[in-house]
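Once you scroll down, you'll see the structures, which are given as structure tokens.
What follows is chain A paired twice: with chain B in the first complex and chain C in the second.
Coming up: the complex of A and B.
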């Protein structure tokens, strides 16, 4: 059995940030990722991030990913790719199906002093007649194809959902040379940032509010989509149906945390709609109700890349403190600074509800702790 | 049909990479080292990866990150291979999957 001070599951922004901060403080860190490329979803993000200079405003997501990888390597973080954690067992033992680089896999057992779950999120589906046809896919899948694989999965698209993912992927589809017939949004207002919505509208894509997808069809692949208006209780209004000739529907209906490993281990989870659904409770250090197991980034509640980075850093510092490579007095100061930055990220109309939800998680997490 | 993106305002020219040849349902296709099996196939405009076991209805890409398993195909004789997270290799044999077992007509 291999022994490690810290094992981080997932090499997206949260996992890499946790690894870097822990490694910088003298902790021996192994990152395990089931994908063949590290970086999580950052490499799909070709748009510039906003916010403050602290949060790399104006820098494109894939550049942030590259910087993080470089920093992780520089600090001696070991990364296993093509390697899936298939279980966490009592005593913080992990079973990993490790990719050996030649297509072969071996089963490795690792005993970790600390584990960080940074597994991210998966996209929600919307089901309607015809949704299983080839050509109906998640907006994230579309983004992976156009920005990472550099192929267009269709020619003429309908986007379902006007949150930031829906708006950004629409714009990126146009940059890739595709045509977007419309964005439909069942709610009465646009879900994402006004800046992104304005860009899409200027490019000539209508955003149809109070409108949803009703059904879709085609021989063996998608050929058309029927949209309709909905009333204030989200019911379709008869007579408002309209058929659009599209060969691809992209669904941008939000994300939910990937928490299978946390659940398997018995971490206490609660349903928090503001953060995407079932979320493992955690304390201010990002430690779950299972001692020594931390959860960060989207798997600790769906937010965005910058909050994921800060949560990762927090866990990294907390782990260094717990393992004893830094003093508690240094840790207190460093964590205080990260908490301040996290609070700033959760301000404003888009952040406030997440701030409250996170406070609830921490309060509830502390209560669960006392029980155990 | 060629669905590769050759010009892009931010990413520049298309994906660079060594050319590889794969065989899709017996036909040779050219792919690029570093891309996924799903991308190689979609680049030719083909979007049906498999037909379901009971109804025989077509399925293609859905999530693109290895979570949903809708895009599985028979790759080098191994059924249920997630093509969105499997990278192409020279000489790879890729078959449309029928049911849960394999590329042939023989299915449960």
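Coming up: the complex of A and C.
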């Protein structure tokens, strides 16, 4: 049995931030990631990030990923790639299928003083007749194709969903040389930031509100999509059908937290629609109702990379405090700083519902915590 | 058609004016000036340090809508590539009699060549005519966001915000 002070599951922005902050403060950290490359979704993000100018805003996502990896290595963070955590057991014991770099896997057992779950989120599916045809895929998959594998999976796309993912991937598709026939959005308003919408609008992409995908077809692969308008209860309005010639449909219908490991441990979860679905409760240190198990980033409620980074930093500081490598008085000050930034990131019409939802999680988390 | 930014996907001039983000005609008459087309409270502030003259302010909290001091702005355009949302433009209504120059961010390949003509588009992507590209700037500091300047008839200065993306495979010398 290997012993570690902290094991972080997932090397996206939240997991890396937690690792870096804990390691910087003298904690011995191991990061485990099931992917062959670290960075989570960061290396797919070729656009300049929003956020605070003091915190890498204006830098492209993949460059932020590069910086974080370098910082992690500099601070002695150990990273296991191709390695999946297959279970967490009582006493904070983890079973890991460790990739040995030669295609082989070994089963490793680790006893961790602290565990950080930073597993991210998975994309929601939308099903319709024809959705299993080759050429129908998630927006995240499209983004991996074009920005990581450098393969354009189609020439003419329909994007389903106008949240930031749908808008950004639409833009990146055009940068990759594809055309996007339209973005359809079942709601009555655009979900993502207007500046992202404006970029695709001036590139000539219509954003069709109150409109959804009805069905899709083609001989052996996708050739057309039928869209239609929906009423205020999202029911199709007969007679409004329209056929678009497209060879690929990308689905950007939101994300839900990946919380299987937290659930397996028995962490209390609540259904919080504002944060994507079932979310583990946590306190102001990002610690779940299972002592010593932390949850950060999208797996603690779907938000964005900047909040993921800050939540990771919080957990990193809290772990250093708990392990005893920094004093509680220093930790309080550092955590307060991070909380201030986090709350600022959650202001405005796009953030305030998440701010309230997070407050609810923490209140409820504290209540559940005390019960145990 | 003033339906709001979350319906049409871009701010109308009326919305920009309501936020004090559209320069006065008096200011336009004195030369190039910035237009920050960002009217939503989103957590983002790199435009603030992008201006050396302090003409763009966000302050606290970070979700404030930018405020522009048109008197401090010289229309230098350094802020254009600094906006991750590609929402900053510089319009010069004094470029030449009857002509305006519109500078905008551009992140598509290939880049048009200076001196060539391109189809100019409005905020909806509709082609409004053709315009000559008089400047193409892309330095290392701009991190792959080029800034193009296109000359258009003065009456299109409030409408034109870009050019139609050039087809991939387009080579220099074509499209002139």
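Keep in mind that, in the parts below, the second predicted complex is superposed on the first by the 372 of 372 C-alpha atoms of A that agree within 3 Å, B and C clash if a C-alpha of one lies under 4 Å from a C-alpha of the other, contacts with A are read in each partner's own complex, and residues count from 1 in each chain.
FYI, a contact is a pair of C-beta atoms (placed from the backbone, for glycine too) under 8 Å apart; a residue touches a chain by one contact, two chains touch by 3 or more.
These numbers come from a predicted model, not from an experiment.
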| request: May I ask you to decide whether A:360 touches chain B, chain C, both, or neither, giving the answer as first, second, both or neither? | output: neither
| query | Is A:345 in contact with chain B, with chain C, with both, or with neither (first, second, both, neither)? | reply | second
| said: Output check: A:123 vs chain B and chain C. Expected answer is one of first, second, both, neither. What do you get? | reply: first
| query | Which of the two partners, first being chain B and second being chain C, lies in contact with A:177: first, second, both, or neither? | reply | both
| task | Pick one for A:156: touches chain B only (first), chain C only (second), both, or neither. | result | neither
| said: Quick one: is A:60 in contact with chain B, with chain C, with both, or with neither? Answer first, second, both or neither. | reply: both
| query | If you stack the two complexes on chain A, which partner ends up touching A:221: first (chain B), second (chain C), both, or neither? | reply | first
| request: Could you look at A:207 and tell me whether it touches chain B, chain C, both or neither (first, second, both, neither)? | output: second
| said: By the touch definition at the top of the document, which applies to A:35: first (chain B), second (chain C), both, or neither? | reply: first
| said: By the touch definition above, which chain A residues appear in both interfaces, chain B in one complex and chain C in the other? | reply: 60, 175, 177
| note | Per the touch rule above, chain B residues touching chain A in the complex are 3-5, 7-11, 14-15, 35-36, 38-39, 42-43, 47-49, 57-68, 70, 84-85, 87, 89
| Complex interface listing, chain A residues touching chain C | 47-53, 57-60, 174-175, 177, 188-190, 193-205, 207, 209, 306, 344-351
| field | chain A partner contacts - residues on chain C that touch it in the complex | value | 5-11, 37-46, 48-50, 60-63, 82-87, 107-109, 121-126, 143-145, 161-162, 164-165, 168
| Inside the complex, what are the residues of chain A that reach chain B? | 34-36, 46, 60, 103, 122-123, 125, 132-138, 140-142, 144-147, 149-154, 175-177, 220-221, 258
